[in-house]
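These are the structures, in structure tokens.
Shared chain: chain A. Partners: chain B in the first complex, chain C in the second.
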Partner chain A sequence: MNLMQVSFLAIVMLLLLGLVAHILNVRRVHRRIEMLEHKAVPKEKLLSDLYSCQGSNFNALALTAWILFLTALSFFYLITPELFPDRNYFIQLPRMASSLGGLALFSLLGSMMMILVIVGSEKMPESLQCYRLAELYGYYSMSRNEKRSMIVAIPLLWVSISISTHMATIYPTFLAPEWWGAFILLFASLLLLIWPMTKEMWEGRS
Partner chain B sequence: MSLNQFKLYLESWQRQDPTKYQDMIKLLRQGDPESYKPPYIWLHYDDNTTNGNITVSRNDVPSSISFTVENPNSLDLRRTLFVDLQAKLPGEREYHKVNQFPHVVQPFDYEIIEDEGGKERHFTSLKRWPEITSFSQIGGVGEVKLRAYMTDGTRDYSSSSLSNTTYPYYGEMMINITNAPPQLFNASLVGPPSPRYNDPLEYVAEVFDPDDDLMAVTLHITDPAGREVRNETQEAKSGQVSFKAAQYGFFGEADAGKNFTYYYTVDDGIDVTSFPPRDNPNATLEGPNIRSTPKLWVENLHVEPVDENYYYWDEYNFSVEMRNQEPYNIEIPVTLKIKTEDKNWKGVETRTVTVTPDSKRIYFPTDDAFDVLDRGSDFSFRFEYQEYDQNNERSAEMQWYKPLNQRLMKYDLVSIPIGINLLFVLILPLLGGIFLEKWMGKGRMG
Partner chain C sequence: MRLCIVGIGGMGGKVAHEFLTNEDFESCRLTRLTGGEHITSGGIKGVWLESDENEAKNKNKFFKDGRQNPHDYPLYFIPHDMVPDGHPVHVAIKKKYGYDIKKQGYVRDAQYLKAVYEIFEHDPEIRGKLLDLRSANPIFDCAWAAVRPYTTLGRGKCDGILFIISLGGGTGTGFVNPIVQHIRSTGKGDYPVFALGVLTEEGTASDREQYAKESKRNLGAISSIYDLLTKGGGVDGLILVDNQILLSRCEDDYTLANRYLHQVSLPLVAARDYPGEKPPSPAVRAFSTEGWSFPPILVPCYSRIRRRSGSEASLVEEALSKGRLFGCQPQEADKAIVFCRGYLDSGKIRNAITGHIPDLTEDKIAVWRKLGENSHEELLILLRNPYGSRGSYQSEGTLEWRLHRVMASAITYMEGHKPDLLYIKGYSESTQDDELTVTDETRQALEDFFYGDRGLKAELEVAIKRLEEGNKPFFKRPLRIFDIPDQKSASSLVIEDDETTSTQRAQIKKMIQEELKEMGLKV
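The block that comes next holds the complex of A and B.
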């Protein structure tokens, strides 16, 4: 397994960590509420009561960050052929990729895919509404500073995308510091995006 | 003894001894022309026959055909005999003389054969016709009747008038004459392997007729569909025949680029035989495959990239030197095609160019030669044209062993196109996030 594959696995694991943390957080709250109430509480009612709006600006930026994350992930792994020699952007869509607006179009593709995932997650039933991406952070209490910190992911991801783009422009030359820089920024951004879930899981573990 | 005394003796013997008188008279009459007896003639053939019937090919020599004359006359009465061999050919009613000069049987030309017991003596003469060498001149096949025909200057005698003949004597012989068909061997086409229409070409074959007939040898030239396009005939005896294409003008400029086949027919006047046999119309001999007449001279293919780094997005100037070998200008479409390791020949550009008798370099500048998939690949390029060149080809190609650069992107990071692209990369997700929030309103307080 090469470095590229290890890094991809690390990203996937981190994403899974966020998902697992979110699931455990919701379950734990549900269990504690039922213990306090001494009766069964319907999950739909619990989730509705638990949800609190985080503000339109934050929510729009959070969604922007997730869209940008998928774009940055695509730029990092799918523009150059290191991880997927036969499945990268330039092999699959060579004309589009080598056109003047190839990167913007690739970004558009990534954004559209993430928007579709977000919109698709809205179709989940009420009992699973906590997994709707647009409502993800509504189940966590976040301070203003925490929100600011999380939004830092956007410029980090943008820098990561820029580095990935530079790596593509100089390919086949490979600069390891550059690669590490882009990866760390990507990884750090994902950490910021799942930070509320992991923090809640850590703090509420007892 | 005087004549008068001899007369008196005869008159006396007539009266006194009539028997002796009669013997004397018989003796005296032996030289009398009125006692001449006709000679007999037979054909004599001592090879195996079936009742006088034999079967021979036209040029076989029936070597032992002879005749036998029996002459019952005494030497002083015999006359000189002239004997001919006569034949009645198939379909004819009359006999005709076969030999040019008659055989002559002189009066002394007999041998004496005595019967068993020596009671009778026979005067016979056996002679052959050495001039009979073949029946090839009869110009046909079938049954030929032979007979011997003889004259003594006064009367004619024919062997066919005799019946009840026995081996080896025949009044008439029946010869069944057959024809041996002509044969052809070692047919070949002598010339360059891929000739031009005006190259020296010679069709050579060996013909043989067992009957040694004069043969009409016909060369048939056919197109690949088996249709006959030309034929020429030569008369030949057994031996080699040849047809020179230039002599007969078999091929012209219009035949350039065509493939021909050929076969022979040989006619000996009776049988016509094809070589190869025409039972199968496709059984022909191959050749010639006439080369197309080249009009173009094509050389010095070259490619010049704008950038020496050989990026796939660069403009490449492909070129070739062309001239017309004829003394006039022609306009022909020329197509540039390119092949890389992963892609087969791909047409890049087709252009009608004027080719002059003077060599001229024709350029095909293009920035559409390669795409991103061709990175790192060697490439070949080819010019295709509708006229034939000096190699009898209608294309010329070249392998370029300097591989294309592996670089993916044309622009540097710090450039306007990349800058604009990255701006979009930032704006598009931002717009997506704002749009989703406006649409779903999940973050609205209260």
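The block that comes next holds the complex of A and C.
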């Protein structure tokens, strides 16, 4: 496996970790509450009581961060042909990619994809409401400082996108420091975005 | 339980700030796009009632002026602004009683606002001059109007009110009783109203902060506690906190102490209740007042420990031994209201409490749980009336010991400062104070109130005896300033008098209820 594939695997693993942590957290809370109540507690009831609004501004910024994350991921892996030699933007859509607003359109595509995921997740039934992206963080207890540090992901992702764009324009020249910079920023941003889930999973383990 | 936090006075405002801090990002531009609302833990709302314009406008950046833009949040209100300068009522009160109701920061005497409230409530001459203000009691109506929109009595969601005051300061000490009385007088007899009173510490440390010496602060504090505990239709619970204890836990840092007070309150106010365990404030009120005809004293005991399985016993032990926020004897408590955060078994909590306080049977312990942070678990026990054993006033760390000292100090102040309390010309020790010149009528009323046969000093002396003997409650008879003669004549009918037994009281109550039923009135 080359560096690009390893890095991609690391990102996917981290994403899965976030998802698994969230699933485990919800299940664990449910199990513990039922144990303490000595009776079955409907999941829908538990989820609605567990949810607390984190604020519209925070929600908007968190969703923006997720949208930017998918865009940054696409810019890092899909513009240059290193990971998917036949599936990158310039080979699949060469005319659009080479046009004046080619990269802007690409980022728009990435954003639209994520928006579709968010909107799609909103259609989930009540029993799965905890997987709605727009409500994800409402199931966690987050301080103002935690919220602030999570939103640092937005500028980090912007820088990652800018570096990826530069890497695409100078391709096939490969500058290792640039690559590492873009990757670390992408990875760190994802870490920040899944931090509440992993933190709760770690702290609530016993 | 969704509370409306009402901070009164300087200290009340600072603590309310901790409760009302927006947990969302604050960005005007973003808010315009998202329509974001001010988010607080547990969805609580609140307001700050202050009397000093300079304090509210120039020294505070958190609360906004409600008169500028009512859509701003959170707001501060200066109730006496409701009466314009030079208004006939302003002039009439000054002329008849000598009180300047427009004085910035109010007069720092607890009885001042009590007197003002009574004047508005009972003086027909003054009420006659209020027509253009569209309010019978403008100062207190205006204060209530600032709070009401956040409550379920207005269009808000808060099903209860928690007043936060400093006992021993100026505004909070004086304002809390009149405003509670006012809320009750508007027909909201069963709306849950609690007060969290922080008793200022002993010694000279807070003299500067409160602009008053210890004995004067003690008089203000005890006068306020007296009113809070004797008004039958007053608060549904007075949560007492000793600032001396708070400061000892917060390295004598007032800001940290305010934060700590907020942290202690989180099990009470935060969100994420256990399914089916979200107590409406009326339920907490019913439990806290059940079987007790006076407003009860609630002493908070708090503990927070790192999460581990089976931590209930440790939490209870820690809360009842080291976590008391006011001196008390837990074994004397007649009820325990428990709020906790974490994965905790309510049965184990009850067992642990019963282990410490054998007299508390399960039906006298209410437990309400929330999910908290995973790393720690928290427990807040509100012990109802944890005092009442003979001679315990001599043991440091009991409620009797602390209040005995406060009362003794207040009596000493009354004995040595008669000219100050009656505003006799030349009374002011400080050249910075503007002397208040009250009329002879007011001076006589104050003399009766403080020094009369059944005035405050006499009542405090009786209360001290009750404390020494371990009697509950230690304050019984409500006091007024301006109708002392009526009070005297009516006092023989007060059913809480010492002479009547509990059986007699129950019989009298039953007779009254039957009479009312016969008259077709709702009991």
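Methods note: the second predicted complex is superposed on the first by the 206 of 206 C-alpha atoms of A that agree within 3 Å, B and C clash if a C-alpha of one lies under 4 Å from a C-alpha of the other, contacts with A are read in each partner's own complex, and residues count from 1 in each chain.
Simple rule for what comes next: contacts are C-beta pairs under 8 Å (C-beta built on N, C-alpha and C of every residue); 3 or more make two chains touch, one makes a residue touch a chain.
Predicted model only: the values in this text are computed from it and were never measured.
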Partner chain in contact with A:55 - chain B first, chain C second, else both or neither: both
Which of chain B and chain C A:166 touches, first, second, both or neither: first
Contacts of A:40 with chain B and chain C, given as first, second, both or neither: neither
Chain B versus chain C, judged by how many residues of chain A each one touches: B
Touching partner for A:176 - first (chain B), second (chain C), both, neither: neither
Contacts of A:1 with chain B and chain C, given as first, second, both or neither: neither
Common interface residues of chain A - those touching chain B in one complex and chain C in the other: 53-61
Chain A residues touching chain B - in the complex, by the definition given at the top: 53-68, 71, 75, 79-80, 90-91, 94-95, 97-98, 100-104, 107-108, 111, 114-115, 118-119, 122, 132, 134-135, 138, 154, 158, 161-162, 165-166, 168-172
Residues of chain B that touch chain A when the two form their complex: 312-313, 371-373, 406-413, 417-418, 420-422, 424-426, 428-430, 432-438, 440-446
Residue numbers on chain A that touch chain C, as the complex places them: 29, 32-33, 36-37, 41-42, 45-46, 49-50, 52-61, 141, 143-144, 147-148, 151, 199-200, 203-204, 206
Touch list for chain C against partner chain A, complex: 21-27, 30-31, 33-37, 39, 271-276, 278, 307-309, 343-346, 369, 371-375
